[in-house]
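Below you will find the structure I want to go over with you.
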Amino acid sequence: MIRVGIVGATGYTAVELIRLLLRHPEVAITQLTSRSDAGQPVESVHPSLRGRLATEISAYEPDRFAAEVDCAFCCLPHAASSPVVRELVARGLRVIDFSADYRLDSAAEFSRVYGDGHADPERIGKVPYGLPELFREAIREAQVVANPGCFPTTAILALAPLVREELIETSDIIVDSKTGVSGGGRTPKLAFHYPECNESVSAYAVGTHRHEPEIRQIVGRWAGSGIEAHFVPHLIPMTRGILSTIYLHPRSGVNVGRIAATLREFYRDEPFVRFTETLPATADVANTNYCDLAVRPVGSRVAVISVIDNLVKGASGAAVQNMNVMFGFLETMALD
Amino acid sequence: MIRVGIVGATGYTAVELIRLLLRHPEVAITQLTSRSDAGQPVESVHPSLRGRLATEISAYEPDRFAAEVDCAFCCLPHAASSPVVRELVARGLRVIDFSADYRLDSAAEFSRVYGDGHADPERIGKVPYGLPELFREAIREAQVVANPGCFPTTAILALAPLVREELIETSDIIVDSKTGVSGGGRTPKLAFHYPECNESVSAYAVGTHRHEPEIRQIVGRWAGSGIEAHFVPHLIPMTRGILSTIYLHPRSGVNVGRIAATLREFYRDEPFVRFTETLPATADVANTNYCDLAVRPVGSRVAVISVIDNLVKGASGAAVQNMNVMFGFLETMALD
Amino acid sequence: MIRVGIVGATGYTAVELIRLLLRHPEVAITQLTSRSDAGQPVESVHPSLRGRLATEISAYEPDRFAAEVDCAFCCLPHAASSPVVRELVARGLRVIDFSADYRLDSAAEFSRVYGDGHADPERIGKVPYGLPELFREAIREAQVVANPGCFPTTAILALAPLVREELIETSDIIVDSKTGVSGGGRTPKLAFHYPECNESVSAYAVGTHRHEPEIRQIVGRWAGSGIEAHFVPHLIPMTRGILSTIYLHPRSGVNVGRIAATLREFYRDEPFVRFTETLPATADVANTNYCDLAVRPVGSRVAVISVIDNLVKGASGAAVQNMNVMFGFLETMALD
Amino acid sequence: MIRVGIVGATGYTAVELIRLLLRHPEVAITQLTSRSDAGQPVESVHPSLRGRLATEISAYEPDRFAAEVDCAFCCLPHAASSPVVRELVARGLRVIDFSADYRLDSAAEFSRVYGDGHADPERIGKVPYGLPELFREAIREAQVVANPGCFPTTAILALAPLVREELIETSDIIVDSKTGVSGGGRTPKLAFHYPECNESVSAYAVGTHRHEPEIRQIVGRWAGSGIEAHFVPHLIPMTRGILSTIYLHPRSGVNVGRIAATLREFYRDEPFVRFTETLPATADVANTNYCDLAVRPVGSRVAVISVIDNLVKGASGAAVQNMNVMFGFLETMALD
């Protein structure tokens, strides 16, 4: 039995995380913190938790937090997270960080992409990327894990096995993603105001989204060389789910069957990646930790379709999976 | 004042067409036909038309229909449409055909794509494609106009000016489209059952959709040579609207600014195509006949974002625009 | 041809009003004002208006506004509206006020319900309530018209003819309303954040909503005595539309047929109220100025179902209809 | 460990039931039957179950089914269910029946409401109604349990404690319910076609819905006398959830505080009914077995707001809860 705490407990990923942790037989939630809602019962912030969790939300105070927690989930915005992670690690906690602060290769790259300095530059680059399917051994031993971005999860799981086997051209990959609105967080903004996004679809951050470097760098680790990924996200009128359509050039002599077989084989024993013959919909993975992958020819190209629930495999489910790996629990615990 | 009739008046495109025609000062709706709903008042099929249109739905009978109609809108499925078009043309009517029967280059191509014989093989290939922005002169004189497909409208308007100016590689165009559910028609099917498509997104007909040849052939007319277009449609949880994200390779020496300028210039005087600096959403064109286009760099590629209301510019609005051109009305009549 | 201006031109009712006015052959839009967006082109606030209206948004300045406008639409919040209305009336304009400032019987009642003082206490009580179906003659001559609330429109149109004929008990009327989210306005708030209201329904302001006194007072004018109306609004996951289910006790000796006949007869010649035999859905009236009414027995009670588009008959369509009446235009102009 | 089987395994309640049962540590799913999909792997019917359940769907054959099952869930339409229930009971199984066949007081009443004869007239009337909160002891010993209707669940849980304490007038109860579309089942119909129900709300079966007698009879058992309930369901654009607004007349001398206190006290120790001070939304109970209740004054009336997930507490969650009670498992097993 371990004690877990959440720093930044008022967003959608936090409430999803709490729901999963409440089902987990090996953890007790001992700390929930929030600057804005300190002093409130958790159910006043998340009414779905009425009567399910007595923990009161408190202000984050590192010593007190560390005294009551073995494993911390840090759900803070980028740049705000790394100072807290450093504090908690210094107090002996293992930390799963939801922000982008430890996902990229270096502090310089972080600053280039996010426009902020980095509070923990020595650690970034040494922290495993939290996809157990690709980095399980490193996660097992890690003090800190960088929980993946939602869009990158769909793309990296599709691409890593293919670049490893050198089946595709790495210089021209297109990732066209469609996401539900919960990915935008819980802070009210005009872009996420119901009448603005209902009955509408739009592209945003075309060619400039911060998840593009994340895809590029993590896939690059498996390619053994640089890759070029063009990434365009789209906002669609639903709450949960991401579908990415990934357009690939097979290398000369590689056909769609070999690409399909490679993915099927790579994930054969993975509990949370399902290679499917039929085309998956995001509804198939809603409220689950699955990533479903399918492959189709499209003229001279190949398309991989990759779907997840952005709040589960794209955030809180991945975090619980990482915790399970780190603490030696059954990897599927609380996730099936 | 002309008399218009609709063959196949029970679907979503038909009711949208009726709504537009009711606003048109130069037309009178004299015939509405349907096999399944003959004998019913139109409002029993389309409750939104309560009290707005007295016309009763009748069974289609060519002589009677022709006696009361100058301009026919044929809203029948592919293969079912061309026999009716031929009958009506023989009786002197001008016809706007919503089906795919006259969009492709030849009866052979039609049969290859749709798997059916063609009932009017001599006419296919001579019928103008109903995008006035690209084929206005031919439409003006035409006896029959092939009303465009909804997805092709978004792609062809984006691509035709660019291939004409030889700005892009024509061998590798990707069209990733997102459509609302009304594009699937009004016949209940599991795929369009509310709980199946709500809160979900899925790709379908990946690399095999019948609109791909339509895009390829019509754009090819402007390219002066064959082109290759990869097309993947996605179903998203909304009723109306299509957004296509079109990934292009600029030719050597062509930058994104030139592509933007070319589109802006080409459509400068067009009433229904708006080149926009900000990224358009389908909500911006809902219930209108506009196609909004924007351009962005995406790494070494360029993306064109193209949005329409699939029931208006993608179907019934285009049909009214075509009628206006054919009969010498102001082109925007009933459409603004 | 008259010149019209909109004070407070950035919300949903304003953009809907602009869309309608752009279709109106007898008006020119000369002024659009907004504190927050002064100096911007209208399309930067309302992208759907790209290329359709050159008018720039300006800061409201009464003299300049009055110099260019014959008919003002005032789309300000309650309490902020009446000072502006007074200013514009003093400068000779006729005004259609979207706020609640002139809907109730007295300044005292306004203060009780809205908790604010009233800036124009002598006018309130003398301003006609802007439902032409019920108060057409007064509207025709009015300097100021109080444009109705959205929920009250559904209830008052259903109830007024029935209380006038003394067909129902006035001491126990229940109005259970379901509204789309656009009724909450365009300012981002957690309650209207997409992931909060999608896939959810909730009741709010149960028994305490400010539209209850409005229903009570306006229906009371037709009853000739006080009435008691219980009102509960519900927020449902759609953008536009209100459906009210109104539960009535018929007076002794009155049956459902008589209630239906009374409504049918009362609205027989009205262009925008349709009595329907089949049960109406809000989709039947979407984007139109119709109110559809149907009647059904429910045990010993009778239910009237009343549907509108809250942005059209519930706001901007009603305003245009009022303008048409005030200025002697055809009442349906720009509305069909 | 018990063996469970589902007769009629292709609908929404069945897939929800399978999801819950897969989490249950004390059951093994051994039989899934369907006439239309016999011979198919379950994931071809329910793609969300890919890789989670090897059981193939088979044709229902009573002897084979009974040989492999201890507890049967019968998810057949009304009238089709009771013959199967009878067969399975004859073979010694305990059965939880999702249909309406055993919910009413008598075969005569069933025939009056449903228009069909009853295949098991001796059992109807002796079968406990499957709300453990109200009928736990009877359920514990039962051979057959009548799983409640979705709308009745919201109404009965709200009303039973109040009529038992004689706090409200039983002659005039209004139940205004709003339901998501999954309640209409999985068979495609125009009424549930995405573009028909998206962006729309409508009332249906006004005063004639078959759940009205169910509410009346079950609440009547707690009232000790007949009650009159007016019931109007509404279809709203979401997949899951029911919110019922229940309008009550308190008896003379009863105030809203006493009604609230009675409900709070009655359900104090119940794991799945939460009395809430804040107004509940259906999102608060989505994917859970909770029923949340709140109370508010509305003029001289009192409103009880009652929300459930129609597929969980309104169907499959209630069924698992009943199974837990019947077989002596912890009542919350697989449900929290």
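Should a chain be cited, it is by its letter among A, B, C and D, assigned in written order, with residues numbered from 1 in that chain.
Methods note: a contact is a pair of C-beta atoms (placed from the backbone, for glycine too) under 8 Å apart; a residue touches a chain by one contact, two chains touch by 3 or more.
Keep in mind the model is a prediction, meaning the values are calculated, not measured.
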Going by the average position of its CA atoms, which chain sits the greatest distance from subunit D? B
Pair of chains joined by more contacts [C-beta pairs], C-D or A-C: C-D
What is the distance in Å between the mean C-alpha positions of subunit A and subunit C? 46
Using CA atom averages as chain centres, what separation in Å is found between subunit B and subunit C? 36
Whole-Å separation of chain centres (CA-atom averages), subunit C against subunit D: 40
For subunit D, what residues touch not just one other chain but two or more? 180, 198-199, 237-239, 280-281, 283, 286
So, in the complex, the side of subunit B touching subunit D is made of residues 12, 180-182, 186, 188-190, 192-195, 197-199, 237-239
For the complex, which residues does subunit D have touching subunit A? 22-23, 44, 47-48, 50-52, 198-199, 274, 276, 278, 280-281, 283-288, 290, 292, 336
So in the complex, the part of subunit A that touches subunit B is made up of which residues? 172, 174, 176, 178, 180, 196, 198-204, 206-207, 228-232, 234, 236-241, 243, 245, 247, 279-283, 286, 296-301, 303, 305
